[in-house]
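Have a look at the structure below before the remarks.
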Amino acid sequence: MAALATAVLVDPSWAQEAAAPAAKAPDLTVDKGDTTWMLISTIIVLLMTIPGLALFYGGMVRTKNMLSVLTQVLAIQAIACLVWFCWAYSIAFTSGADHGFGSFFGGFTKIFANTVEGSVPLTNKVESFSIGVGMYEWLFMCFQMTFCAITTALAIGGFAERIKFSAIVAFAILWPTVVYAPIAHMVWYWPGPSGVATGSTDVPGLIWSFGALDFAGGTVVHITAGIAGFVGAILLGRRLGYGKEPMPPHSLVLTMVGASLLWVGWFGFNAGSNLESNEYAILAMANTFIATAAAGLSWMLVEWLFKGKPSLLGLVSGVVAGLVAVTPASGFVGPMGALVLGLVAGIVCFFFCTAIKSALGYDDTLDVFGIHAIGGILGALATGILVDPALGGAGIVDYAKCTVTDGVYGAPCGALEYNMATQLLAQAKGVLVTVAWSAIGSLAVYTVIAVIFGLRVSEEKEREGLDISEHGERAYNM
Amino acid sequence: MAALATAVLVDPSWAQEAAAPAAKAPDLTVDKGDTTWMLISTIIVLLMTIPGLALFYGGMVRTKNMLSVLTQVLAIQAIACLVWFCWAYSIAFTSGADHGFGSFFGGFTKIFANTVEGSVPLTNKVESFSIGVGMYEWLFMCFQMTFCAITTALAIGGFAERIKFSAIVAFAILWPTVVYAPIAHMVWYWPGPSGVATGSTDVPGLIWSFGALDFAGGTVVHITAGIAGFVGAILLGRRLGYGKEPMPPHSLVLTMVGASLLWVGWFGFNAGSNLESNEYAILAMANTFIATAAAGLSWMLVEWLFKGKPSLLGLVSGVVAGLVAVTPASGFVGPMGALVLGLVAGIVCFFFCTAIKSALGYDDTLDVFGIHAIGGILGALATGILVDPALGGAGIVDYAKCTVTDGVYGAPCGALEYNMATQLLAQAKGVLVTVAWSAIGSLAVYTVIAVIFGLRVSEEKEREGLDISEHGERAYNM
Amino acid sequence: MAALATAVLVDPSWAQEAAAPAAKAPDLTVDKGDTTWMLISTIIVLLMTIPGLALFYGGMVRTKNMLSVLTQVLAIQAIACLVWFCWAYSIAFTSGADHGFGSFFGGFTKIFANTVEGSVPLTNKVESFSIGVGMYEWLFMCFQMTFCAITTALAIGGFAERIKFSAIVAFAILWPTVVYAPIAHMVWYWPGPSGVATGSTDVPGLIWSFGALDFAGGTVVHITAGIAGFVGAILLGRRLGYGKEPMPPHSLVLTMVGASLLWVGWFGFNAGSNLESNEYAILAMANTFIATAAAGLSWMLVEWLFKGKPSLLGLVSGVVAGLVAVTPASGFVGPMGALVLGLVAGIVCFFFCTAIKSALGYDDTLDVFGIHAIGGILGALATGILVDPALGGAGIVDYAKCTVTDGVYGAPCGALEYNMATQLLAQAKGVLVTVAWSAIGSLAVYTVIAVIFGLRVSEEKEREGLDISEHGERAYNM
Amino acid sequence: MKMVIAIIKPFKLEDVRKALDEIGIEGLTVTEVKGYGRQKGHTEIYRGAEYEVTFVPKLKLEIAVPTESVTRVMDTITSMAKTGQIGDGKIFVTPIEQTVRIRTGETDTAAL
Amino acid sequence: MKMVIAIIKPFKLEDVRKALDEIGIEGLTVTEVKGYGRQKGHTEIYRGAEYEVTFVPKLKLEIAVPTESVTRVMDTITSMAKTGQIGDGKIFVTPIEQTVRIRTGETDTAAL
Amino acid sequence: MKMVIAIIKPFKLEDVRKALDEIGIEGLTVTEVKGYGRQKGHTEIYRGAEYEVTFVPKLKLEIAVPTESVTRVMDTITSMAKTGQIGDGKIFVTPIEQTVRIRTGETDTAAL
């Protein structure tokens, strides 16, 4: 009673901080609406990879290499599932406080999804972005599994039509371990709302500690994959006849189907990354509609302007560029911000995939650099600007300022003081670290593979096509 | 106490009415299960358009025009997103009470999804069909956005294989504004359960005020699109060689895939239109299974009877006809009603797409008239009959008869006195207004476009195919 | 008061039993999160069949028979919907206590989904696997409808490329009635948690009464379909030129797309079979990722080892084999168990579809026996072992041991004493009964059809291809 | 007997076939070919890459005819396949020394 | 040297190829063609529209053979490709004046 | 006039076409064909079934040329299409008795 009285008299914020150490974290409660949302999100992110990405990529290669792309994507999906479940999840989402590199990667306490001791921890929970709102950890594990898989699959776009299948298998085992999981840890491993509120002393990921924002993986997924693909493209060198023989997409129909499924599934990716079925998931959805539409149209229009005709490939490329760019921004920016971001993304990526690419002359088969790396970087930086409430952004929640009710932290939590320079700097640092880690890590992975299996097929096999030479099948027997 | 006593003594209904003015609307509460359901419904309606409708339509055209159809559908999806977000949503779903034409279209108070003043109204809510059950407005906006897009895309089926792409772009901007949004306003803009309960004086949409029922858009979507496509088909004239050269579908495989995805996504369309995850969504689902299956089979069987063979195209056409016909009825009729409706729809649409079409000799490339306009009209009228509880229908809720508990309106609400003549008349009036508005509005839109860009490509371009002449690409490079 | 005192003094379990007769079943409450989950699950199981299974199967046949497969699958989907709604649901999921064969099939009390008396029982509920957790019966009916459809469609893989379409239509009407519905009744008709808790005297399904476990239909769906397909393959005999002419899959691209959609939709199948959006749905999801990935890779690797090359068809076949094998196990085994199960399934099915198949020389066109029957049997037996908590399994709930709170049964419920021998025996008996019923029932169905319509097309028609001879269309007109 | 080989624009096939029917030509064989000649192709652009497609789709008709009918057949084809625009195609006549109908073993004109 | 041109039913290809192998014909070139002749096509119906498909799929074999082997080759093909039903196809023999094997520059029969 | 028929490896088409352009050959017709000869095919495995694919994809070029240019054309093709590996293909020369350009009715070399 007296305590209450004082609390009322003093400045509440001070009172709160004062109260903080005393107050404790809320119990995590799981809502079935959220569980359902995350089940679905997981399912449709899988849809993005198979058949989505497989078709988007496959349609752009020549008939003789179609199956190789499909096989690579599906095999990666399968391998990544196991790698993630067996050890990569643990590397990404456990604390590394016990070793010196905790801000780079976690530990092995949750290998085999925490089933080592044979028990089935069905009811383990993790916290969403709302304090006290829980989610079953295995669902989180499955959701993140699909991210690991699609990121790995995206990377191979850089060196399609010439890589050995054995190299792909090795890549799917090593790369998520050495490159993806650590970057996921750096960007997304943090103490969670309650942890921050209670001033947890756990070691968060490096990039998270910069204060860099990445709502759904612009950095973790797209920059990482884009850079890895680019490095691979350089290492393997150009396809035979690149620039001389025509290499038109063998089926833009399939590419369009793939792009459509990417858009559809991307709502699980972006809105799902909210981990909760609330207003922010809806904001992410709205932005994923608007930015994507804007980017598709802006690419189409600049192409119409500069190349004379609006092409389907241009339109779908813009759509994907928009999806990439809005990924880190989806839950942070407002719809108007998404509109602007989309328009810019379509134009910037267009120039990277046309003018700049041909100027530099590298053979990034499916433009994973021009679209994913560039779009991801653009999105990451733009997020730092457009999150600004003054620009219609949603602002940044400060979990150190959550309300305390009878000694327990709870919603609402306060907003972080926004400063554009600071935020942009944080975003830029995040981008740089990601680019560096992905470039170096991928290089290491390719080198190991090159030594053991070799990376590229023989000239003869490449000419015959990977479908027959590597898989002994033909895509179409009409 | 005394009041209570009297209340008990008097006829309760009278008491309620007496109480009504006194009582106030309930606060809107949002359930995460509902939010998740609407997120998904929105996502799978997008799936209907891309790749669903794109493939359904694309598979039926000739190879040389395949990409043009895919590009048109995807571009329309993108443009409609922006048009809807920027102004069309406001035209459709805001009150027009402040101007004289409130029963035809709304105002501009919510352009840019209500973000004009820069703020992000994440928590705005709209009411579902259950009194007091809320839904975040931006989710409603996104859900309706997908409806606007697919309706616009459906319309182009009437003049595929000969229209200029520039004309399509203009169409995608003008048509939703002039035709779709107003019709959506006429049919679906109403005060909502609480509004009706509290006797709101807002100006509802014209067709809603007739008392016409359209659960998921039989009128708004299908009749509107069907008529627009038909008018366009007449204006552009027949394709070169129509009736002389064979023009078989270039890939019934893709058409079947498209139809399947339409069926799958249509549950988001029909059951999603319930805006809530409850028994009525389930009723809509059951009906969408039963009517669709029945229509697919009835079309197939009459074709078997009259043409000698049951074709895949016949089966999928029937499936789509059934989906169209059950759309307005899905949440109102019972499963037996849906069964009957489906059987009839398959047969009626079959005759319109065969006998009657060839008799009249118009070239509605993809039968948007024979299937969507006719199926939609059939469904709209049938809904008026089959909603009858005596025929196993669910009846019509009368929100003017909601229960009052301590001065707040709440469920359950009473049922409207059903009268077939009245209801059929209301449905018929709704159909007529829709047909008229769509015909006149579309004509206006086409005229403007014809003047500015022209509608039809040159003979030479049409012969070469729109893929190369308009987009500079080929669908297949096998 | 005294009673309470004694209750406290005595051994609680005894107290419970004592209390049991007194205690009553809880009211069923429906959560919107669960409803949404089951709506989605139903939708994505439909996606499995169309276009999933249609493409998976269609891609493997020759071009000239492509449409026939698509038409058969879609027609079966449509027919099965109606058959299920009209009578098969009632046969499967009503009590047969009133006739002597209650453990084999139910009655006709719910034909036409219980709408016989014209009323629309929108609010009927069934109980999930958690005591007191309800689900609307019509949603359950729709969910199970999609199972009936896909099972029937799976079976035709055994005799594709040579069967008459009229025979398929008859098959789609008779087989679900005579074979599928009874087996579903035998495995899945039981009193439900409350029924068991309150010691219901209703007659459960035969196989359920063995104590056999089948979480999502390894027996009901896969063994049943696999055996039916096998019997059909034998009866119809080999395709013309089988073993002589090459019969390569006409489009592995479509087969891969189909397999991907099967995987995606299978989460609705497996996790959806939990009927509730809780930890067990998540367990089923995790297992459906892990076992599937493992099986895809193990098939690919043994093929690489024994045939020299890892093929896409091998990978997708393994994926499907894994999905099949994990189906009965998904909610019972732990992830490590799923991993083992998957690895084994890929290898076992590989040998059945290669060595053993060519040894026996039967022409099971699409390997429905080698993958679905064998994978299903393997999964059914393995479930009996891997459910063991000692092996990381989830164990078996014993609803006879639910907690009683103020005279009402509720969660948590106790666990069944696990004994491997007993459980394996139960599983084995379940498999045998299923194999026997499906073999005999299918044989009967084929015989009737053979007599009325004949099963196989003429040599000439088979050579020309079923697309033109049976449906009057061609799949591709490029 | 001669083999008349005609390369025509695809959309002219039906007209030509009907016309030949009328002058009693009961059989022919058609092949989808790609032609290179005066008629320009078109440019295709896929993201950065531009391709000059120099080949245009054509149909090749092979018609075995009794020597005496050659001129009539050539005239018929020329008149039916002509649009007057570049790319209408060519007709070549080559000698046939023997002909057999597989089904019956008939030879020469009897085989047609 | 002669060019033996045979038009056959597609499913007969393997039989014919094997038989030619046996009589020492080491090479041939196959083209997918569409044939028009006595053999009826079929009707296809797509919603309202019905199409009479008059062309049936065939394979065209081109086999360059030394003049002396012509008869043997023709007989082999005739016997293997025959089903006795309308549409079995034809064999045409045309003269070849020169032959070269690109890889070696060998000419005439040495080039085969 | 002669018809030069060349069977080459598909990826050699552009080189050959360009080279012919340079020696003034303004037209030709290309057909996708399947070849059987010394060059081995490959094996394809689909689940249990293994297929020996004996036919390899080739392109057939048909080039009508004035008799005097035949040798030059043959040399050009031989040099451009050669890889030195089995399967480079063949060139056959057959006689053409008449030629017409459909568009203009021009005949003989004027028709080329």
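Letters A, B, C, D, E and F name the chains as they come in the text, with residue numbers starting at 1 for each one.
One rule holds in what follows: contacts are C-beta pairs under 8 Å (C-beta built on N, C-alpha and C of every residue); 3 or more make two chains touch, one makes a residue touch a chain.
Keep in mind it's a predicted model, so treat the numbers as computed, not measured.
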item: Same or different residue numbers at the chain D/chain E copy interface, by half rule; value: different
item: Length of the line joining the C-alpha centres of chain B and chain F, rounded to whole Å; value: 56
item: Between chain C and chain A, distance of the C-alpha-averaged centres to the nearest whole Å; value: 35
item: Shared-contact residues (touching 2 or more other chains) in chain C; value: 31-34, 36, 40, 44, 248-249, 307, 309, 311, 313, 472-474, 476
item: Two or more partner chains touched - positions in chain D; value: 31, 44-46, 94-95
item: Chains grouped in pairs wherever the two touch, ordered by label; value: A-B, A-C, A-D, A-F, B-C, B-D, B-E, C-E, C-F, D-E, D-F, E-F
item: Chain E-touching residues of chain C, taken from the complex the two chains share; value: 241, 244-245, 463-464, 468, 472-474
item: Partner chain C, residues of chain A touching it in the complex; value: 31-36, 39-40, 42-44, 46-47, 50-51, 54-55, 58, 66-67, 70-71, 74-75, 77-79, 81-82, 85, 112-113, 115, 118-120, 122-123, 136, 138-139, 141-142, 145, 165, 254, 470-478
item: Chain F to chain E touching residues, read off their complex; value: 2, 6-8, 31-38, 54-55, 58, 60, 70, 74, 77-78, 81-95
item: Chain F contact footprint on chain C (complex, rising order); value: 246-249, 303, 307, 309, 311, 313-314, 317, 353-355, 357-358, 367
item: Contact footprint of chain D on chain F as seen in their complex; value: 3, 17, 26-31, 64, 94-103, 105, 111-112
